[in-house]
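You will see two complexes here that share subunit A, one where it goes with subunit B and one where it goes with subunit C.
On to the complex of A and B.
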């Protein structure tokens, strides 16, 4: 049970901490106040708790696939926030309106990521409250998963802030692309689970090389949306998501520099 | 990086947590595998004990063996007849008994079981022993968890110890920072640390060398100022005497000689003011502030210039306190009062009024200089403190000797005394009102 708890909590915490590291590092470089982070976490935590408390109601929506559809919606929203964030970060925040836009996007991103990831953790841990024999292993596993997830986030944050601004933006851009594409891959997966998208045979199977449930597999899942057995629609959605960010961000950048 | 201490704490803690937890997971997996091997060995032994303890070769007609719910056994004959079994064992074969693998994972009664099959070749029987997987796993996990919990709980303790250790490590840096922060403006003595760590040696050496050079530069400038004052005043005084002699000996009294005398006066005034401006620059670290009575200094300065003021039939009065102590430099305060009083006299017409007021409360002392002259335009309030700025430019109509440095000097002196200065229009006299507020 400890390993299950580690894997589930690590997957959720890692995703949220990577997004937070990107936002925090950029804020540090352009000296934007980081109080919004606290605001985003508190708001996200409250919404996550409320969402988890009424999960049975939400699950009954859309003919019993409400949870999958809401999760897909949240991840789609996070994708568009990351798209907006990276475009704004490339253009710069010299004007007050640009700063306000960036801060709003970051707060919203943190709130949505906290709701998405926080709900999964709350549901997982509270699910074991009726099984006190397993609760200790679940709590210890959750602590280990959260510890690893947050530590990776801290390492990436310090890697980004100790770099020069130019290199930090480059690495931040690549990371944002991968995390955003991973979000879209998960959206497709959730919609397949909800039967809104037809299930297909996987394009390939790499579970013998890197198992999805291993530590490396989970790290890659959060970072690049690694799937051992992706369907063709997942693969095409993944690369389309990358192409869209590249196109929109560079189109905006060229328009701005003119 | 906003704080070295926070950076070191978070970076170290993240790395320690990452390395420890990943090792912990590896250790956990290895321990669980080891425990499963031990449980498998135990199953083997139990099967052996049953084979020796039970000699049944015909099916039992009555009596089953009572066992705990987590363990079962079956004894099958060579022709696959069930000879004996425990109370919780299934009565059927759940897998091919004669397959190659002695260990099998099977499902029955809603649980997954791990079984071991022993072939008893002496009595031509098969002995199957099984244990519930979940019980084995929980047992193994509880044993491993007992060793993991202290390590997980040690992380917050490690965070606390790292925080304190970094604090101690950064102590010399804090000491150096405090020393520099607490240095008085006039203290250019070298920084002396009780023990200078290797990493700070270069910083301390460079800082001390800079302080030393700064001190030497100030002393050199002070010497230059004294020499310049002496070297410039002497020839100007000699020139004044020569002009006077020229006027009296040759009885010249025409416009050109007057202009020459006025030019020499103006040059002397400019030199005095430039020297005063330099001496009272806020950058000067060598000025000592001592408790002084502002009223007494003001009276002294008024008395010094009384003749000049009386010459223009101007009225000068002093109101407010009789004694007012502030921390200041006598020479600088006299220069300040010289400038504001002479300015008031110079730039107001004959028979006008000048009023000096000194008032105090618990926090501050206010020096107020008011006159009934034309005052200063409001848009010039900031500019009059600039060097060489004179209201109305070169067309200044006061006809007095001036160079536009007086209020710049006043501002420097105000700054040295950590005071504030503001300009306003005097409500009752109608001229300029200067308010200088000194802290007590």
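On to the complex of A and C.
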């Protein structure tokens, strides 16, 4: 039970932790206060709790696929927040309005990521309240999982803040781009499961090389949205998501360097 | 690089979304005492099916399958809907992520 709890919580925490490390590192570089993070986590945690408490109601929305539609909505919103964040980060935050925009985007991003990932943790742990003999192992396992997930974020954070600003923005840009594209891949996955997007045969199968169950597979899933058997729509949405961010970045840069 | 391409990309993404309204055959799986009933479900090949999972336990369970690319939390004492397929013939294992020691099963596509 303990190991299982470690894996479940780690998987959920990893994604939110990666996004947080990117936001924090940029805030550190441009000396934006990092108190917003706390606000985002607390708000997100409260919403996740409320959502988990009423999950049965939400699940019944849209003929029983409410969960998928809400998850897809959250992830689509996170994608656009990352898009806004990365373009703002490229331009810089010299004006007060730019700082406010950046902080708002980051708070909202953390709230949404915490809801998305926190709900499952809440549902998992509260399920054991009826089994006190297992609860302790689950809580210990969950703490270890959360710890490992946060450690990965801390490593990436320190990697980014110890670099020069220019290099940090470059690496941060690539990481944000990949995480954002992973969000879109998950949006498509959720909507296929809900039957809102047609299901297709996978374009390829790389499960013999990197299994999604493996540690590498899980890490790649969080970082680049790795999927061993993606459908053609999923793959094209993934690359369109990357293309859109690159286009917007170039547009914003050209507008601001004129 | 042109911002005018944005709407085109957006339309491309949106146009791939289609509401498929044809009724899919219905199959049910129950979860009880962290076990799946049935733990082997046979479904037709190359057909989209609607899978209803009824969780009769107090605790939530997460239906998960890497082979099917599906994962969904089913809260205690409630049901969840998952669409699967069309799939080629084969065996597709699934498990309950919250209680993987006991909650194991597979979908046989023929």
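The working rule: the second predicted complex is superposed on the first by the 236 of 258 C-alpha atoms of A that agree within 3 Å, B and C clash if a C-alpha of one lies under 4 Å from a C-alpha of the other, contacts with A are read in each partner's own complex, and residues count from 1 in each chain.
Assume a contact is a pair of C-beta atoms (placed from the backbone, for glycine too) under 8 Å apart; a residue touches a chain by one contact, two chains touch by 3 or more.
All values derive from a computational prediction rather than experimental measurement.
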item: Partner chain in contact with A:198 - subunit B first, subunit C second, else both or neither; value: second
item: Touched partner set for A:150, first subunit B, second subunit C, both or neither; value: first
item: First, second, both or neither for A:140, with subunit B first and subunit C second; value: first
item: First (subunit B), second (subunit C), both or neither touched by A:100; value: neither
item: Touching partner for A:216 - first (subunit B), second (subunit C), both, neither; value: neither
item: Which superposed partner A:38 touches (first subunit B, second subunit C, both, neither); value: neither
item: Partner contacting more residues of subunit A (subunit B vs subunit C); value: C
item: Partner chain(s) touched by A:158 [first = subunit B, second = subunit C, both, neither]; value: first
item: Touching partner for A:50 - first (subunit B), second (subunit C), both, neither; value: neither
item: Subunit C-contacting residues of subunit A that also contact subunit B; value: none
item: Complex contact set, residues of subunit B against subunit A; value: 1-2, 7, 10-11, 13-15, 17-18, 21-22, 24-25, 28-29, 138, 141, 144-145, 148-149, 152, 155
item: Contacting residues of subunit C [partner subunit A, same complex]; value: 1-3, 5-6, 9-10, 12-13, 16-20, 24, 48, 50, 52, 58-62, 66-67, 69-70, 72-86, 88, 97-98, 100-101
item: For the subunit A and subunit C complex, residues of the former touching the latter; value: 4, 8, 55-56, 59, 63-65, 67-68, 119-120, 123-124, 126-128, 130-131, 189, 191-199, 201, 207, 211-213, 227-229, 233, 236-237, 240, 243-244, 246-248, 250-251, 254
item: Subunit A to subunit B touching residues, read off their complex; value: 1-3, 6, 28, 133-134, 136-137, 140, 143-144, 147-148, 150-152, 154-155, 158, 161-162, 215
